[in-house]
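When the chains are written out, they are named A, B, C, D, E and F in that same order, and each has its own residue count from 1.
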Amino acid sequence: MDASMMAGLEGLPEEDKAKMASMIDQLQLRDSLRMYNSLVERCFVDCVDTFTRKTLQKQEETCVMRCAEKFLKHTMRVGMRFAELNQNAPTQD
Amino acid sequence: MDASMMAGLEGLPEEDKAKMASMIDQLQLRDSLRMYNSLVERCFVDCVDTFTRKTLQKQEETCVMRCAEKFLKHTMRVGMRFAELNQNAPTQD
Amino acid sequence: MDASMMAGLEGLPEEDKAKMASMIDQLQLRDSLRMYNSLVERCFVDCVDTFTRKTLQKQEETCVMRCAEKFLKHTMRVGMRFAELNQNAPTQD
Amino acid sequence: MASTNPFPEGIAKEQAFSMAQTEMEYRVELFNKLAQTCFNKCVDKRYKEAELNMGENSCIDRCVSKYWQVNGMVGQLLSAGKPPM
Amino acid sequence: MASTNPFPEGIAKEQAFSMAQTEMEYRVELFNKLAQTCFNKCVDKRYKEAELNMGENSCIDRCVSKYWQVNGMVGQLLSAGKPPM
Amino acid sequence: MASTNPFPEGIAKEQAFSMAQTEMEYRVELFNKLAQTCFNKCVDKRYKEAELNMGENSCIDRCVSKYWQVNGMVGQLLSAGKPPM
(Lines give C-alpha, C1' and ligand atoms only; values in the text may rest on other atoms or scores of the structure.)
Protein backbone atom coordinates (compact mmCIF):
# COMPACT_ATOMS: atom_id res chain seq x y z
CA MET A 1 0.00 0.00 0.00
CA ASP A 2 2.43 2.60 1.22
CA ALA A 3 4.70 2.55 -1.77
CA SER A 4 2.04 3.16 -4.39
CA MET A 5 0.08 5.44 -2.13
CA MET A 6 2.93 7.78 -1.55
CA ALA A 7 3.89 7.83 -5.22
CA GLY A 8 2.34 11.21 -5.89
CA LEU A 9 3.66 12.71 -2.69
CA GLU A 10 7.35 11.86 -2.76
CA GLY A 11 9.65 14.83 -2.38
CA LEU A 12 6.84 17.20 -1.57
CA PRO A 13 7.42 20.21 0.65
CA GLU A 14 7.11 19.91 4.41
CA GLU A 15 3.68 21.44 4.41
CA ASP A 16 2.27 18.56 2.38
CA LYS A 17 3.92 15.94 4.53
CA ALA A 18 2.33 17.55 7.56
CA LYS A 19 -1.03 17.54 5.80
CA MET A 20 -0.58 13.89 4.96
CA ALA A 21 0.34 12.99 8.53
CA SER A 22 -2.66 14.89 9.78
CA MET A 23 -4.92 13.03 7.37
CA ILE A 24 -3.58 9.68 8.57
CA ASP A 25 -4.19 10.70 12.19
CA GLN A 26 -7.75 11.61 11.35
CA LEU A 27 -8.38 8.32 9.57
CA GLN A 28 -7.00 6.40 12.53
CA LEU A 29 -9.14 8.31 14.99
CA ARG A 30 -12.20 7.73 12.83
CA ASP A 31 -11.40 4.07 12.52
CA SER A 32 -10.96 3.65 16.29
CA LEU A 33 -14.30 5.27 16.94
CA ARG A 34 -15.98 3.04 14.38
CA MET A 35 -14.42 -0.01 15.95
CA TYR A 36 -15.67 1.15 19.33
CA ASN A 37 -19.20 1.53 17.95
CA SER A 38 -19.11 -1.90 16.30
CA LEU A 39 -17.83 -3.54 19.44
CA VAL A 40 -20.62 -2.04 21.52
CA GLU A 41 -23.24 -3.07 18.98
CA ARG A 42 -21.96 -6.63 18.66
CA CYS A 43 -21.66 -7.30 22.38
CA PHE A 44 -25.03 -5.71 23.07
CA VAL A 45 -26.71 -7.80 20.37
CA ASP A 46 -25.05 -11.01 21.55
CA CYS A 47 -25.46 -10.48 25.30
CA VAL A 48 -28.58 -8.45 26.05
CA ASP A 49 -31.98 -9.92 25.40
CA THR A 50 -34.25 -9.16 28.30
CA PHE A 51 -35.89 -5.80 28.74
CA THR A 52 -37.76 -6.15 31.99
CA ARG A 53 -35.39 -3.76 33.75
CA LYS A 54 -33.48 -0.68 32.67
CA THR A 55 -30.09 -1.75 34.00
CA LEU A 56 -27.92 -4.68 32.98
CA GLN A 57 -28.19 -7.88 34.94
CA LYS A 58 -25.05 -9.39 36.40
CA GLN A 59 -24.72 -12.13 33.80
CA GLU A 60 -25.31 -9.64 30.99
CA GLU A 61 -22.45 -7.53 32.30
CA THR A 62 -20.16 -10.54 32.48
CA CYS A 63 -21.11 -11.54 28.97
CA VAL A 64 -20.44 -8.02 27.62
CA MET A 65 -17.01 -7.84 29.23
CA ARG A 66 -15.98 -11.25 27.92
CA CYS A 67 -17.33 -10.43 24.49
CA ALA A 68 -15.40 -7.15 24.37
CA GLU A 69 -12.16 -8.73 25.54
CA LYS A 70 -12.54 -11.61 23.17
CA PHE A 71 -13.21 -9.30 20.25
CA LEU A 72 -10.17 -7.17 21.08
CA LYS A 73 -7.92 -10.22 21.27
CA HIS A 74 -9.39 -11.49 18.04
CA THR A 75 -8.74 -8.15 16.34
CA MET A 76 -5.13 -8.14 17.50
CA ARG A 77 -4.59 -11.64 16.17
CA VAL A 78 -6.19 -10.82 12.84
CA GLY A 79 -4.05 -7.68 12.70
CA MET A 80 -0.86 -9.74 13.05
CA ARG A 81 -1.88 -12.22 10.36
CA PHE A 82 -3.02 -9.42 8.07
CA ALA A 83 0.31 -7.63 8.44
CA GLU A 84 2.19 -10.82 7.57
CA LEU A 85 0.12 -11.32 4.44
CA ASN A 86 0.59 -7.69 3.38
CA GLN A 87 4.35 -8.08 3.62
CA ASN A 88 4.38 -11.04 1.28
CA ALA A 89 2.93 -11.18 -2.20
CA PRO A 90 -0.28 -9.20 -2.77
CA THR A 91 -2.08 -12.51 -2.96
CA GLN A 92 -1.13 -15.73 -1.30
CA ASP A 93 -2.39 -19.18 -2.19
CA MET B 1 -19.80 16.56 22.85
CA ASP B 2 -20.21 20.19 21.95
CA ALA B 3 -17.95 21.59 24.63
CA SER B 4 -14.90 19.52 23.75
CA MET B 5 -15.67 19.61 20.05
CA MET B 6 -15.70 23.35 19.90
CA ALA B 7 -12.56 23.68 21.99
CA GLY B 8 -10.32 24.44 19.05
CA LEU B 9 -12.82 26.76 17.45
CA GLU B 10 -13.78 29.18 20.23
CA GLY B 11 -13.29 32.81 19.40
CA LEU B 12 -12.52 32.13 15.77
CA PRO B 13 -13.31 34.67 13.09
CA GLU B 14 -16.73 34.76 11.50
CA GLU B 15 -15.49 32.97 8.44
CA ASP B 16 -14.68 29.86 10.45
CA LYS B 17 -17.97 29.88 12.26
CA ALA B 18 -19.71 30.00 8.92
CA LYS B 19 -17.58 27.11 7.70
CA MET B 20 -18.46 25.14 10.82
CA ALA B 21 -22.17 25.82 10.43
CA SER B 22 -21.96 24.75 6.81
CA MET B 23 -20.23 21.54 7.80
CA ILE B 24 -22.92 20.75 10.35
CA ASP B 25 -25.62 21.35 7.74
CA GLN B 26 -23.87 18.97 5.37
CA LEU B 27 -23.57 16.26 8.01
CA GLN B 28 -27.25 16.59 8.86
CA LEU B 29 -28.28 16.39 5.23
CA ARG B 30 -26.09 13.34 4.74
CA ASP B 31 -27.48 11.72 7.85
CA SER B 32 -31.08 12.32 6.76
CA LEU B 33 -30.41 10.76 3.40
CA ARG B 34 -28.79 7.75 5.03
CA MET B 35 -31.74 7.36 7.35
CA TYR B 36 -34.05 7.52 4.35
CA ASN B 37 -32.06 4.78 2.61
CA SER B 38 -32.05 2.58 5.71
CA LEU B 39 -35.75 3.01 6.21
CA VAL B 40 -36.51 1.99 2.64
CA GLU B 41 -34.22 -1.02 2.90
CA ARG B 42 -35.65 -2.20 6.21
CA CYS B 43 -39.30 -1.87 5.23
CA PHE B 44 -38.67 -3.47 1.85
CA VAL B 45 -36.87 -6.42 3.46
CA ASP B 46 -39.55 -6.89 6.10
CA CYS B 47 -42.61 -6.39 3.87
CA VAL B 48 -41.87 -7.52 0.31
CA ASP B 49 -41.34 -11.18 -0.42
CA THR B 50 -43.22 -12.12 -3.53
CA PHE B 51 -41.93 -11.32 -6.98
CA THR B 52 -44.67 -12.56 -9.26
CA ARG B 53 -45.63 -9.02 -10.24
CA LYS B 54 -43.70 -5.82 -10.74
CA THR B 55 -45.90 -3.61 -8.56
CA LEU B 56 -46.59 -3.81 -4.86
CA GLN B 57 -49.63 -5.70 -3.69
CA LYS B 58 -52.10 -3.91 -1.44
CA GLN B 59 -50.98 -5.66 1.75
CA GLU B 60 -47.34 -5.01 0.93
CA GLU B 61 -48.11 -1.30 0.61
CA THR B 62 -49.92 -1.29 3.94
CA CYS B 63 -47.04 -3.11 5.56
CA VAL B 64 -44.48 -0.65 4.17
CA MET B 65 -46.43 2.38 5.38
CA ARG B 66 -46.86 0.98 8.87
CA CYS B 67 -43.23 -0.06 9.00
CA ALA B 68 -42.06 3.40 7.97
CA GLU B 69 -44.32 5.17 10.45
CA LYS B 70 -43.37 2.81 13.21
CA PHE B 71 -39.68 3.29 12.52
CA LEU B 72 -40.02 7.08 12.52
CA LYS B 73 -41.86 7.05 15.82
CA HIS B 74 -39.28 4.69 17.22
CA THR B 75 -36.47 6.97 16.09
CA MET B 76 -38.12 9.98 17.71
CA ARG B 77 -38.50 8.12 20.99
CA VAL B 78 -34.91 6.90 20.91
CA GLY B 79 -33.83 10.45 20.12
CA MET B 80 -35.54 11.76 23.25
CA ARG B 81 -34.02 9.11 25.49
CA PHE B 82 -30.62 9.59 23.92
CA ALA B 83 -30.74 13.33 24.52
CA GLU B 84 -31.64 12.78 28.18
CA LEU B 85 -28.71 10.43 28.65
CA ASN B 86 -26.32 12.82 26.92
CA GLN B 87 -27.32 15.59 29.31
CA ASN B 88 -26.50 13.52 32.35
CA ALA B 89 -23.24 11.79 33.11
CA PRO B 90 -21.33 10.36 30.12
CA THR B 91 -22.24 6.91 31.38
CA GLN B 92 -25.25 5.92 33.38
CA ASP B 93 -25.68 2.77 35.37
CA MET C 1 -29.95 13.83 -10.15
CA ASP C 2 -27.63 15.62 -12.53
CA ALA C 3 -29.84 18.57 -13.25
CA SER C 4 -30.42 19.60 -9.66
CA MET C 5 -26.95 18.60 -8.60
CA MET C 6 -25.25 20.80 -11.09
CA ALA C 7 -27.52 23.74 -10.37
CA GLY C 8 -24.99 25.62 -8.28
CA LEU C 9 -22.15 24.84 -10.65
CA GLU C 10 -23.46 25.91 -14.03
CA GLY C 11 -21.29 28.35 -15.89
CA LEU C 12 -18.47 28.08 -13.40
CA PRO C 13 -14.89 28.64 -14.45
CA GLU C 14 -12.82 25.79 -15.82
CA GLU C 15 -11.05 25.29 -12.55
CA ASP C 16 -14.29 24.36 -10.81
CA LYS C 17 -15.35 22.00 -13.55
CA ALA C 18 -12.02 20.25 -13.21
CA LYS C 19 -12.51 20.04 -9.46
CA MET C 20 -15.97 18.60 -9.98
CA ALA C 21 -14.69 16.02 -12.44
CA SER C 22 -11.95 15.06 -10.05
CA MET C 23 -14.50 14.64 -7.24
CA ILE C 24 -16.62 12.37 -9.40
CA ASP C 25 -13.58 10.27 -10.26
CA GLN C 26 -12.76 9.90 -6.60
CA LEU C 27 -16.30 8.87 -5.72
CA GLN C 28 -16.29 6.28 -8.47
CA LEU C 29 -12.97 4.87 -7.37
CA ARG C 30 -14.18 4.70 -3.79
CA ASP C 31 -17.39 3.05 -4.87
CA SER C 32 -15.57 0.43 -6.93
CA LEU C 33 -13.33 -0.44 -4.02
CA ARG C 34 -16.31 -0.76 -1.72
CA MET C 35 -18.05 -2.99 -4.20
CA TYR C 36 -14.91 -5.12 -4.38
CA ASN C 37 -14.84 -5.44 -0.59
CA SER C 38 -18.54 -6.34 -0.43
CA LEU C 39 -18.17 -8.92 -3.14
CA VAL C 40 -15.28 -10.60 -1.34
CA GLU C 41 -17.16 -10.59 1.94
CA ARG C 42 -20.37 -11.99 0.47
CA CYS C 43 -18.73 -14.78 -1.49
CA PHE C 44 -16.51 -15.71 1.42
CA VAL C 45 -19.47 -15.84 3.81
CA ASP C 46 -21.58 -17.88 1.38
CA CYS C 47 -18.87 -20.28 0.20
CA VAL C 48 -16.29 -20.86 2.93
CA ASP C 49 -17.28 -22.74 6.05
CA THR C 50 -14.56 -25.21 6.91
CA PHE C 51 -11.37 -24.18 8.63
CA THR C 52 -9.41 -27.38 8.84
CA ARG C 53 -6.88 -26.15 6.29
CA LYS C 54 -5.43 -22.74 5.46
CA THR C 55 -6.06 -22.85 1.73
CA LEU C 56 -9.33 -23.04 -0.15
CA GLN C 57 -10.64 -26.42 -1.18
CA LYS C 58 -11.49 -27.00 -4.81
CA GLN C 59 -15.23 -26.73 -4.35
CA GLU C 60 -14.86 -23.58 -2.28
CA GLU C 61 -12.89 -22.00 -5.12
CA THR C 62 -15.55 -22.96 -7.63
CA CYS C 63 -18.25 -21.59 -5.39
CA VAL C 64 -16.41 -18.27 -4.94
CA MET C 65 -15.89 -17.82 -8.68
CA ARG C 66 -19.52 -18.54 -9.49
CA CYS C 67 -20.69 -16.30 -6.68
CA ALA C 68 -18.52 -13.42 -7.91
CA GLU C 69 -19.59 -13.80 -11.53
CA LYS C 70 -23.20 -14.10 -10.54
CA PHE C 71 -23.02 -11.01 -8.39
CA LEU C 72 -21.37 -9.00 -11.16
CA LYS C 73 -24.02 -10.02 -13.66
CA HIS C 74 -26.69 -9.22 -11.13
CA THR C 75 -25.20 -5.78 -10.52
CA MET C 76 -25.11 -5.06 -14.23
CA ARG C 77 -28.73 -6.04 -14.62
CA VAL C 78 -29.80 -3.96 -11.64
CA GLY C 79 -27.78 -1.07 -13.07
CA MET C 80 -29.73 -1.21 -16.34
CA ARG C 81 -33.09 -1.32 -14.60
CA PHE C 82 -32.06 1.44 -12.23
CA ALA C 83 -31.01 3.67 -15.11
CA GLU C 84 -34.35 3.12 -16.84
CA LEU C 85 -36.26 4.09 -13.71
CA ASN C 86 -34.12 7.18 -13.18
CA GLN C 87 -34.91 8.36 -16.70
CA ASN C 88 -38.64 8.17 -16.11
CA ALA C 89 -40.59 9.82 -13.34
CA PRO C 90 -38.88 10.03 -9.95
CA THR C 91 -41.27 7.33 -8.76
CA GLN C 92 -42.91 4.67 -10.80
CA ASP C 93 -45.90 2.60 -9.83
CA MET D 1 -7.74 40.52 -4.02
CA ALA D 2 -9.82 42.19 -1.32
CA SER D 3 -13.60 41.99 -1.39
CA THR D 4 -16.20 43.77 0.70
CA ASN D 5 -17.71 40.48 1.78
CA PRO D 6 -15.12 38.56 3.82
CA PHE D 7 -16.27 35.03 2.91
CA PRO D 8 -18.80 35.01 0.15
CA GLU D 9 -17.78 32.99 -2.82
CA GLY D 10 -15.49 30.51 -1.14
CA ILE D 11 -18.08 29.12 1.25
CA ALA D 12 -20.98 29.18 -1.18
CA LYS D 13 -18.93 27.31 -3.74
CA GLU D 14 -17.65 24.76 -1.25
CA GLN D 15 -21.22 24.23 -0.12
CA ALA D 16 -22.36 23.59 -3.68
CA PHE D 17 -19.60 21.03 -4.17
CA SER D 18 -20.39 19.45 -0.88
CA MET D 19 -24.09 19.16 -1.70
CA ALA D 20 -23.37 17.66 -5.05
CA GLN D 21 -21.12 15.12 -3.36
CA THR D 22 -23.73 14.28 -0.70
CA GLU D 23 -26.36 13.82 -3.40
CA MET D 24 -24.11 11.48 -5.37
CA GLU D 25 -23.28 9.49 -2.26
CA TYR D 26 -26.98 9.14 -1.60
CA ARG D 27 -27.59 7.74 -5.10
CA VAL D 28 -24.72 5.32 -4.79
CA GLU D 29 -25.96 4.10 -1.42
CA LEU D 30 -29.50 3.68 -2.76
CA PHE D 31 -28.17 1.63 -5.64
CA ASN D 32 -25.95 -0.52 -3.42
CA LYS D 33 -28.68 -1.28 -0.91
CA LEU D 34 -31.08 -2.11 -3.72
CA ALA D 35 -28.56 -4.42 -5.37
CA GLN D 36 -27.67 -6.21 -2.12
CA THR D 37 -31.33 -6.59 -1.14
CA CYS D 38 -32.48 -7.95 -4.49
CA PHE D 39 -29.54 -10.34 -4.62
CA ASN D 40 -30.61 -11.69 -1.24
CA LYS D 41 -34.25 -11.97 -2.28
CA CYS D 42 -33.74 -13.46 -5.76
CA VAL D 43 -30.50 -15.36 -6.19
CA ASP D 44 -29.91 -18.97 -5.21
CA LYS D 45 -26.97 -18.98 -2.78
CA ARG D 46 -25.84 -22.50 -3.60
CA TYR D 47 -24.16 -21.12 -6.71
CA LYS D 48 -24.64 -24.21 -8.84
CA GLU D 49 -23.75 -22.18 -11.90
CA ALA D 50 -22.23 -18.81 -12.77
CA GLU D 51 -25.23 -17.67 -14.83
CA LEU D 52 -28.43 -16.07 -13.62
CA ASN D 53 -31.31 -18.27 -14.71
CA MET D 54 -34.62 -17.02 -16.11
CA GLY D 55 -36.42 -17.16 -12.80
CA GLU D 56 -33.68 -15.16 -11.13
CA ASN D 57 -33.63 -12.59 -13.90
CA SER D 58 -37.33 -11.92 -13.78
CA CYS D 59 -37.27 -11.84 -9.99
CA ILE D 60 -34.51 -9.22 -10.16
CA ASP D 61 -36.46 -7.02 -12.56
CA ARG D 62 -39.54 -7.11 -10.37
CA CYS D 63 -37.51 -6.61 -7.23
CA VAL D 64 -35.88 -3.45 -8.62
CA SER D 65 -39.27 -2.15 -9.68
CA LYS D 66 -40.83 -2.80 -6.29
CA TYR D 67 -37.86 -1.35 -4.43
CA TRP D 68 -38.17 1.81 -6.48
CA GLN D 69 -41.83 1.99 -5.61
CA VAL D 70 -41.12 1.61 -1.89
CA ASN D 71 -38.47 4.31 -2.22
CA GLY D 72 -41.09 6.64 -3.69
CA MET D 73 -43.65 5.83 -1.00
CA VAL D 74 -41.26 6.46 1.85
CA GLY D 75 -40.05 9.65 0.16
CA GLN D 76 -43.61 10.94 0.01
CA LEU D 77 -44.22 10.06 3.63
CA LEU D 78 -41.08 11.90 4.70
CA SER D 79 -41.60 14.96 2.54
CA ALA D 80 -45.22 15.22 3.61
CA GLY D 81 -43.65 16.01 6.94
CA LYS D 82 -46.57 14.13 8.35
CA PRO D 83 -45.89 14.29 12.07
CA PRO D 84 -45.25 10.65 12.92
CA MET D 85 -46.80 10.94 16.37
CA MET E 1 1.61 37.47 4.97
CA ALA E 2 4.83 35.58 5.65
CA SER E 3 5.26 33.75 8.94
CA THR E 4 8.26 32.10 10.52
CA ASN E 5 6.37 28.84 10.80
CA PRO E 6 5.72 27.56 7.27
CA PHE E 7 2.42 25.77 7.98
CA PRO E 8 1.01 26.73 11.32
CA GLU E 9 -2.49 28.07 11.28
CA GLY E 10 -3.86 26.42 8.18
CA ILE E 11 -3.14 22.89 9.28
CA ALA E 12 -4.06 23.38 12.92
CA LYS E 13 -7.38 24.88 11.93
CA GLU E 14 -8.16 22.18 9.39
CA GLN E 15 -7.32 19.61 12.02
CA ALA E 16 -9.73 21.17 14.48
CA PHE E 17 -12.50 21.13 11.89
CA SER E 18 -11.67 17.60 10.97
CA MET E 19 -11.76 16.44 14.60
CA ALA E 20 -15.07 18.12 15.19
CA GLN E 21 -16.43 16.38 12.12
CA THR E 22 -15.09 12.98 13.20
CA GLU E 23 -16.61 13.43 16.65
CA MET E 24 -19.99 14.32 15.20
CA GLU E 25 -19.86 11.35 12.85
CA TYR E 26 -19.13 9.13 15.83
CA ARG E 27 -22.20 10.42 17.69
CA VAL E 28 -24.41 9.95 14.67
CA GLU E 29 -23.17 6.40 14.16
CA LEU E 30 -23.69 5.57 17.83
CA PHE E 31 -27.24 6.87 17.62
CA ASN E 32 -27.98 5.00 14.41
CA LYS E 33 -26.64 1.69 15.65
CA LEU E 34 -28.54 2.09 18.91
CA ALA E 35 -31.77 2.88 17.05
CA GLN E 36 -31.40 -0.02 14.62
CA THR E 37 -30.50 -2.46 17.39
CA CYS E 38 -33.36 -1.49 19.69
CA PHE E 39 -35.82 -1.60 16.80
CA ASN E 40 -34.70 -5.16 16.12
CA LYS E 41 -34.93 -6.15 19.78
CA CYS E 42 -38.24 -4.47 20.63
CA VAL E 43 -40.53 -3.95 17.66
CA ASP E 44 -42.88 -6.56 16.23
CA LYS E 45 -41.99 -6.97 12.54
CA ARG E 46 -45.43 -8.06 11.43
CA TYR E 47 -46.45 -4.40 11.46
CA LYS E 48 -50.07 -5.03 12.41
CA GLU E 49 -50.42 -1.34 13.19
CA ALA E 50 -48.56 1.91 12.68
CA GLU E 51 -48.36 2.73 16.39
CA LEU E 52 -45.85 1.52 18.93
CA ASN E 53 -47.74 -0.26 21.68
CA MET E 54 -47.02 0.04 25.41
CA GLY E 55 -44.86 -3.04 25.55
CA GLU E 56 -42.76 -1.81 22.65
CA ASN E 57 -42.38 1.63 24.16
CA SER E 58 -41.17 0.39 27.50
CA CYS E 59 -38.87 -2.11 25.82
CA ILE E 60 -37.38 0.75 23.77
CA ASP E 61 -36.73 2.89 26.85
CA ARG E 62 -34.99 0.05 28.64
CA CYS E 63 -33.07 -0.94 25.53
CA VAL E 64 -31.68 2.59 25.12
CA SER E 65 -30.72 2.67 28.76
CA LYS E 66 -28.94 -0.69 28.61
CA TYR E 67 -27.21 0.18 25.34
CA TRP E 68 -25.89 3.34 26.93
CA GLN E 69 -24.61 1.31 29.84
CA VAL E 70 -22.83 -1.13 27.54
CA ASN E 71 -21.34 1.83 25.68
CA GLY E 72 -19.92 3.11 28.96
CA MET E 73 -18.54 -0.27 29.98
CA VAL E 74 -16.75 -0.81 26.70
CA GLY E 75 -15.47 2.76 26.79
CA GLN E 76 -13.92 2.12 30.19
CA LEU E 77 -12.37 -1.12 29.05
CA LEU E 78 -10.81 0.59 26.03
CA SER E 79 -9.59 3.69 27.83
CA ALA E 80 -8.14 1.59 30.63
CA GLY E 81 -5.80 0.45 27.90
CA LYS E 82 -5.98 -2.87 29.65
CA PRO E 83 -3.74 -5.02 27.48
CA PRO E 84 -6.20 -7.54 26.09
CA MET E 85 -3.62 -10.31 26.01
CA MET F 1 2.99 33.31 -8.53
CA ALA F 2 1.18 33.26 -11.84
CA SER F 3 1.41 30.18 -14.02
CA THR F 4 0.37 29.56 -17.60
CA ASN F 5 -1.80 26.66 -16.53
CA PRO F 6 -4.73 28.03 -14.55
CA PHE F 7 -5.23 25.04 -12.24
CA PRO F 8 -2.30 22.70 -12.38
CA GLU F 9 -0.70 22.02 -9.05
CA GLY F 10 -3.62 22.58 -6.74
CA ILE F 11 -5.86 20.01 -8.34
CA ALA F 12 -3.17 17.45 -9.01
CA LYS F 13 -2.01 17.62 -5.43
CA GLU F 14 -5.52 17.42 -4.00
CA GLN F 15 -6.14 14.45 -6.21
CA ALA F 16 -3.04 12.70 -4.92
CA PHE F 17 -4.14 13.27 -1.33
CA SER F 18 -7.60 12.13 -2.14
CA MET F 19 -6.34 8.93 -3.79
CA ALA F 20 -4.12 8.15 -0.88
CA GLN F 21 -7.08 8.61 1.44
CA THR F 22 -9.34 6.41 -0.67
CA GLU F 23 -6.69 3.70 -0.75
CA MET F 24 -6.29 3.79 3.02
CA GLU F 25 -10.02 3.67 3.53
CA TYR F 26 -10.14 0.62 1.29
CA ARG F 27 -7.49 -1.17 3.38
CA VAL F 28 -9.28 -0.32 6.60
CA GLU F 29 -12.58 -1.58 5.24
CA LEU F 30 -10.96 -4.79 4.00
CA PHE F 31 -9.47 -5.37 7.44
CA ASN F 32 -12.72 -4.62 9.23
CA LYS F 33 -14.82 -6.91 7.05
CA LEU F 34 -12.26 -9.66 7.40
CA ALA F 35 -12.19 -9.28 11.19
CA GLN F 36 -15.98 -9.24 11.52
CA THR F 37 -16.40 -12.20 9.18
CA CYS F 38 -13.78 -14.38 10.87
CA PHE F 39 -15.17 -13.52 14.29
CA ASN F 40 -18.57 -14.73 13.11
CA LYS F 41 -17.13 -17.89 11.60
CA CYS F 42 -14.74 -18.85 14.40
CA VAL F 43 -15.71 -17.50 17.81
CA ASP F 44 -18.20 -19.08 20.17
CA LYS F 45 -20.86 -16.46 20.90
CA ARG F 46 -21.80 -17.81 24.31
CA TYR F 47 -18.74 -16.06 25.72
CA LYS F 48 -18.06 -18.59 28.44
CA GLU F 49 -14.64 -17.06 28.92
CA ALA F 50 -12.69 -13.97 27.90
CA GLU F 51 -9.87 -15.92 26.24
CA LEU F 52 -9.75 -17.30 22.74
CA ASN F 53 -9.20 -21.05 22.99
CA MET F 54 -6.88 -23.08 20.79
CA GLY F 55 -9.58 -24.13 18.38
CA GLU F 56 -10.69 -20.54 17.92
CA ASN F 57 -7.14 -19.32 17.40
CA SER F 58 -6.33 -21.83 14.70
CA CYS F 59 -9.70 -21.23 13.05
CA ILE F 60 -8.92 -17.48 12.98
CA ASP F 61 -5.52 -18.02 11.37
CA ARG F 62 -6.99 -20.21 8.64
CA CYS F 63 -9.92 -17.90 8.16
CA VAL F 64 -7.63 -14.90 7.57
CA SER F 65 -5.57 -16.93 5.14
CA LYS F 66 -8.60 -18.09 3.18
CA TYR F 67 -10.16 -14.63 3.17
CA TRP F 68 -6.94 -13.25 1.72
CA GLN F 69 -7.03 -15.91 -0.95
CA VAL F 70 -10.62 -15.07 -1.87
CA ASN F 71 -9.65 -11.39 -2.00
CA GLY F 72 -6.93 -12.24 -4.49
CA MET F 73 -9.21 -14.40 -6.63
CA VAL F 74 -11.90 -11.75 -6.87
CA GLY F 75 -9.27 -9.11 -7.59
CA GLN F 76 -7.99 -11.17 -10.52
CA LEU F 77 -11.49 -11.69 -11.84
CA LEU F 78 -12.21 -7.96 -11.69
CA SER F 79 -8.90 -6.82 -13.16
CA ALA F 80 -9.15 -9.38 -15.93
CA GLY F 81 -12.04 -7.20 -16.96
CA LYS F 82 -13.60 -10.43 -18.05
CA PRO F 83 -16.94 -9.26 -19.36
CA PRO F 84 -19.33 -10.83 -16.88
CA MET F 85 -22.02 -11.41 -19.49
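In the analysis below, a contact is a pair of C-beta atoms (placed from the backbone, for glycine too) under 8 Å apart; a residue touches a chain by one contact, two chains touch by 3 or more.
According to UniProt, the chain labels map to these proteins: A, B, C, D, E, F = Mitochondrial import inner membrane translocase subunit.
Owing to the predicted nature of the structure, the values given are computational and were not obtained by experimental measurement.
Its C-alpha atoms superposed on chain E, chain D is turned by 120 degrees; the angle is given in steps of 5. Distance from the chain B centre to the chain F centre is 27 Å, each centre being the mean of its Cα atoms.
Distance between chain centres (mean CA atoms), chain B to chain C: 24 Å.
The geometric centre of chain B is 12 Å away from that of chain E, both derived from CA atoms.
The set of chain F residues that touch two or more partner chains comprises 15, 19, 25, 42, 61, 65, 69, 71, 73, 75.
Multi-chain contact residues, meaning those touching two or more other chains, occur in chain C at positions 19, 34, 38, 47, 55-56, 65, 69, 73, 93. Remark: ring traversal beginning at chain A, heading first to chain E, gives the chain order A, E, B, D, C, F.
Per the touch definition, chain F reaches chain A in the complex via residues 12-13, 15-17, 19-21, 23-25, 27-28, 31-32, 34-36, 38-39, 42-43, 45, 47-52, 56-57, 60-61, 64-65, 68-69, 71-73, 75-76. Chain C meets chain F in the complex at residues 14-15, 18-19, 22, 25-26, 29-30, 33-34, 36-41, 43-45, 47-49, 51-56, 60-61, 64-65, 68-69, 72-73, 76.
If you check the complex, the residues on chain C that touch chain D are 1, 4-9, 12, 16, 19-20, 23-24, 27, 31, 34-35, 38, 42, 46-47, 63, 65-67, 69-71, 73-75, 77-79, 81-82, 85, 90-93. Taken together, the chain E residues at the contact with chain A in this complex read 6-7, 11, 14-15, 18-19, 22, 25-26, 29-30, 33, 37, 40-42, 58-59, 61-63, 65-67, 69-71, 73-75, 77-78, 84-85.
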